[in-house]
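Each of the next two complexes has subunit A plus one more chain, namely subunit B in the first and subunit C in the second.
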Partner chain A sequence: MSSTSTHAEVTAADTAGRWPVLLLLASGLGWLVISGIFALIASIQLHSPTFMSACEWFTHGRVGALAETSFVYGWAANAGLGIALWVLGRLGGATLRAQNWAMTGTLFWNLGITLGLGGIATGEATSFAFLELPRYVQPLLVVAYIAIGISGILAWSGRRTEGTYASHWYAVAALFLFPWLLIAAQTMLLWSPVRGVLQPIIDGWYVQSVFSLWLAPLALAGAYYVVPKITGQALPSYEFAPLAFWTLLFVGTMTGGRHLIGGPVPAWIPTLANAACWMVLFHFIVVALNLRGALTGGGTSLTFISFGLLAYFAGAVLDAVTSFRGVALVTQFTYFTTAQQQLALYGGISMLLLGSIYFAVPRLTGRPWNSGSFVRGHRVLAMVGIFLLVGSLAVAGWIQGTELSNAKTTFGEIAGRTRPWLLAVTVAQGFLLVGNILILVNFLRSVSDVWCAGAVSQVGAFRQPTTMEVHAS
Partner chain B sequence: MSTPLHQDPRLDQAASTDESLLAAHDKLLGKQPDEKGSYKLPPLHLLFFFSGLIFFAGTYLNRYSGMFDPRVYNENTLPPRGEIVVAKLDPLVLGKKQYEAICITCHQANGLGLPGAFPPLAGSEWVAGSDDRLIRLVVYGMTGPMTVKGVLYNGAQMPTIGKVANSQYNLSDDKVAAVLTYIRHEWGNTGAPITTDQVAAVRSKEGDRKPYIEAELLKLN
Partner chain C sequence: MMKNGFFFFIGLLAAFLLGWGGIPLLAHKQIGALAPFYDDGESSSFPTRPPGVAARGQLVYADLGCVACHTQQVRRPDFGSDKARGWGDRQSVARDYIFQGRPQLGDARIGPDLANWGVRKPPLDAGGIAQFLYSGVVSGAKAVTHPPFPFLFDDRPIVGEAAPDALVGLVDKTPRRQIVPTERARTLIAYLQSLNNAYEYPEARHVVPVVAKEGAHK
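Up next, the complex of A and B:
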């Protein structure tokens, strides 16, 4: 039976390398809940400005920065790295190497995030979007990230097969590119700041690159692995996957200038970004074509990935449409841009990552998730929450944008007219927070089963996978 | 296990092994011909679509980039073309500005100077007299005693104004010409205007030198 053991879905190679991945996923889910609490407070303050305003630490500017930072660097970074390491390990066909590096790096990364959030709360935040973490923790983050990344790079360079797969490209690109992004941005904005109007240009580039060159590739690395694993079908239009990858890398980061439409920058910078917004649609279309098998499949992972895929695609189309200056005239600098960001980061990246997490954790623990009803509850709450969050923010932003151009409307009236939609945003943040608590508790219970009861795995629950065949298309 | 196991929300089953997943997709990207010896064409509609996006983006960039000029902030305009035209300033306006910035301290707004200390410009024979003398006096300055309208001025010194060595003001030739034209036009003075070329000619003839004394200037016509 040696041939079947090599084809078993859960092998000793998986369980031997599980702790770095589980630590990353646990940190990510923990930060997701914490960032949800901050986001809930921030959303309440939008319609009830006096809420917690007596406490300096929880004034709106700081809570907003805390929510954003803990979401991007706490949740998305940890979860994305966990999934990337796991996928690279699985595809490498061997136990994850340099596990101590990854574990130590994860601890220091999260130490840095904790210190940085404390710094933001006490008023030491920088003034740059996505780069609010105080200057003094940023070098630590670079070093910690590289330590985690080494494990993934070793799994990639030491892989058993010569060829590479789409998940390899996206994961390795994210591992290599993020240190460069962070070093470049913090050098030019914090250590040796460039002057004047160059600062928002560089920050716009950084914000977009965090999405296009780091979080999106991490999420896609997981999705490109999980979808064909579950459907058992080779990806359709896979011949275009390399082109989609390079389009994202080269063109995706050029779309950063769209954050500056209407700002005091030379006209060619937003224009280049708008053209890039349309060019990069090629990436999104090919990804949607490649992964469209997820839409037909059932099960937890594919439900999350389908939702994430649709949101990822819708977010790109929305970015392209609002990049036209006529549309941006209304939407720019309103809640609408927040809606776009939440659609991309929460609807797209997070749902893709959650789909991969639902697939990965049973293979790491060697047993199914602890509670099925928690999984169902999270699924419903996450989907309803994101629909409500993005929809309400978009409507509020559209009202805000059209009324701001009307000289006869006062700010008070605008606040009054957007208030019902902002209340809906708070409800949505509540749904999302409860859903995220469900997956955190479910995750901790699943892991503690293994941690405390020893490695009593239920390998029998895993169906034996078969060989994938390439169909002539 | 015929029941569809993916109905269990706690566990998603895998349908294919990692090895076969890698092999199958490697084959899709591979450039080897298939059994019939023919290469697989990538879907044409995607290529058309991609070309369409490139065409649109290129047109948009061409139309709204302001030719990538850093001076263009409105995407509907083009950068300024042709030679840059500098508006010609009225020498009287330019001269008045220089006079009020520099000369007015001693010679006063009414051009009468201060009796006993600074000589007047209004009705002065030095202002109305030789062009060469007046230009040299202002560009290089002057030391020592000086007689204006029959009055001896002993304590004052005319500073070096023009763009020459050790100048206190470094005024360009056109500004010197403008201020000279101005003082020949004000306070009832009626001299001819001084041109930039005249100032430049004097400066190139004399080069860098120390301020004049009265005797040297009186030798000139």
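Up next, the complex of A and C:
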């Protein structure tokens, strides 16, 4: 490990601005565990359809919606915002401003999610992917989000250096663009619904935009900050980074129509998506080139980020390949698309965010992670879990897709043939859940040490690289 | 551009507007005003509006999350096995959905497509659908393949005569009690029975490509 990473880095900007960030991260990790419980139930129902089906709150459709919503709006949103605020605060070179706004916004955001999940469980879900939250909490989410975002935008506009950095662009883009997306989607789908198949078209655009304009930028803001900090080297091929950024923003949203291949929609929508899927690969290639230093570095943060980087890239390639009609003929409507989504959201976004969290928390608390063995346990469980999850879903999906194209195979037979792989999915969800409980407990113990002991920083410990970064090997 | 805050935000806004204008708004301009098709021969227009009870049933379908496992979109006959599986003779088109409050196209086929389930073969009457929803067992099958939804039914004592739509077979096993579909179950069943996109619009006709004759110039 290079000497730069051992340099003590706990600044006043970290300690003075830590509570909004820690609150966001705590909420995110809490929702990650809750979402894991829902995902586990949903995965059991895939091979055992009677599981909890007698309880109306937990039909497969509702549990799936609960898992997805708590994952996207609970985990990814909170954690991503936490990392974005932290990165912007640090790059700004000053203590985070408007902290009360961020704290209040976070509380209301999570209140909205909680109410919304209750609504989904009791049958108020909208049945739009990524927009399942009932109509009545949607305006609250917009306001709460803006309140959180203000803090980040102020840190950006009041920065003490004139130049900007890739983390800046991604973080500010995510903070600024999401309210527009959410307002546009809820207006056209919930408040003044458009007619017929325009609804799934718009929902497809929204789902993709949430990924391309919000979650991916949030995750990349952290990764672009953490990787050079640890490797101590300038990013290679950095001159392409601005173009990669704009490619994601301008082309990424066009790829959403790939899920509508062969559907009752104008044919240009999936065709445009096919072309856009290949164009946007430029973004993914540049990101991989920029951050490739992570692959050779050691330590927990870089392990998570390397995994996330590879998954982020692999997900984009798979999206491009399956956007061809010939491939979609098999993979469409199957677990294979679920595998792709999990690869992008869990393997890509979440692992990148977790890598940033492992880097940020010791600097925010001023002391190392409470338990090194919990860190190592989470690291193994997360990687094995995602491999198993995505791999099993992909195999199950491929079997399902080839059997579906044979009209003589019944759905009972397909269920029988995919069952072993779906059981593996349940095992994978179990691994992930246990791993996520480990990081949540570790996080809470680390933070409670600070909460109870006050602001006494153990900066001295940071001179030792082994305590700053917990190593598994 | 990256340094100047104003132009950076203009760029961000442009990215949003291009995506939003490029897909939702353009699609809306193209098919947002799609009208029913008037058939001179039959002196009526298609699609027909679903009866109110079926429209309410679609809300039950949506709130239970049926869309997680069932699509409602038939692909064209030479693209997948949709026709061979009896899900529909023609592909679904945008016009099929113009009167649906919240179309449930779906993106997973863990169960069959339901776009034409109301006219499925073999047909299933309201009582059959109720039995199926209650038990999760498709008539004829031995194993449970569908999650049973007992919460859509009332288990209540028989006062006087059994309700006309009480589930047959279950009444005898539990004397003096009956299993009766709730209001929600009845609307859901009416909705499932209403699913029928059989009418062939001009744009839905399947175009069979002309295959070049053997030996012809390629």
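As a working rule, the second predicted complex is superposed on the first by the 454 of 473 C-alpha atoms of A that agree within 3 Å, B and C clash if a C-alpha of one lies under 4 Å from a C-alpha of the other, contacts with A are read in each partner's own complex, and residues count from 1 in each chain.
Operating definition for what follows: a residue touches a chain if its C-beta (ideal position, glycine included) is under 8 Å from a C-beta of that chain, and two chains touch if they have at least 3 such contacts.
Remember, it's a predicted structure, so these values are computed and weren't measured experimentally.
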Side-by-side fit of subunit B and subunit C on subunit A, or clash: fit
Touched partner set for A:P368, first subunit B, second subunit C, both or neither: first
Partner chain in contact with A:Q199 - subunit B first, subunit C second, else both or neither: second
Which superposed partner A:I150 touches (first subunit B, second subunit C, both, neither): neither
Contacts of A:F333 with subunit B and subunit C, given as first, second, both or neither: second
First (subunit B), second (subunit C), both or neither touched by A:G93: first
Touched partner set for A:A314, first subunit B, second subunit C, both or neither: neither
Which of subunit B and subunit C A:L46 touches, first, second, both or neither: second
First, second, both or neither for A:G297, with subunit B first and subunit C second: first
Partner chain(s) touched by A:A125 [first = subunit B, second = subunit C, both, neither]: second
Three-chain overlay, closest Cα atoms of subunit B and subunit C, distance in Å: 6
Overlapping contact positions on subunit A, where the subunit C interface meets the subunit B interface: 163, 242, 264-266, 272, 325
Residue ranges of subunit A touching subunit B (in the complex, touch as defined): 7, 9, 90-91, 93, 161, 163, 165-166, 225, 228-232, 234-235, 237-243, 264-268, 270-272, 274-276, 278-279, 281-282, 285-286, 289, 297-302, 325, 358-359, 362, 368-372, 375-376, 379, 461-463, 465-470, 472
Subunit A to subunit C touching residues, read off their complex: 45-46, 49-50, 53-56, 59-62, 64-65, 123-127, 129, 156-157, 162-164, 169, 172-173, 176-177, 180-181, 184, 188, 193-202, 204-205, 209, 213, 242, 246, 249-250, 252-254, 256-257, 259, 262-266, 269, 272, 325, 329, 332-334, 337-338, 400, 404-407, 411-412, 415
Parts of subunit B lying in touch with subunit A, wherever the complex brings them together: 1, 4-29, 34, 40, 42-43, 46, 49-50, 53-54, 56-58, 60-61, 64-66, 68-75
Contacting residues of subunit C [partner subunit A, same complex]: 1-3, 5, 8-9, 11-16, 18-20, 22-24, 27-28, 30-32, 34, 62-69, 71, 73, 75-76, 79-81, 84-85, 91-112, 136, 141, 143-151
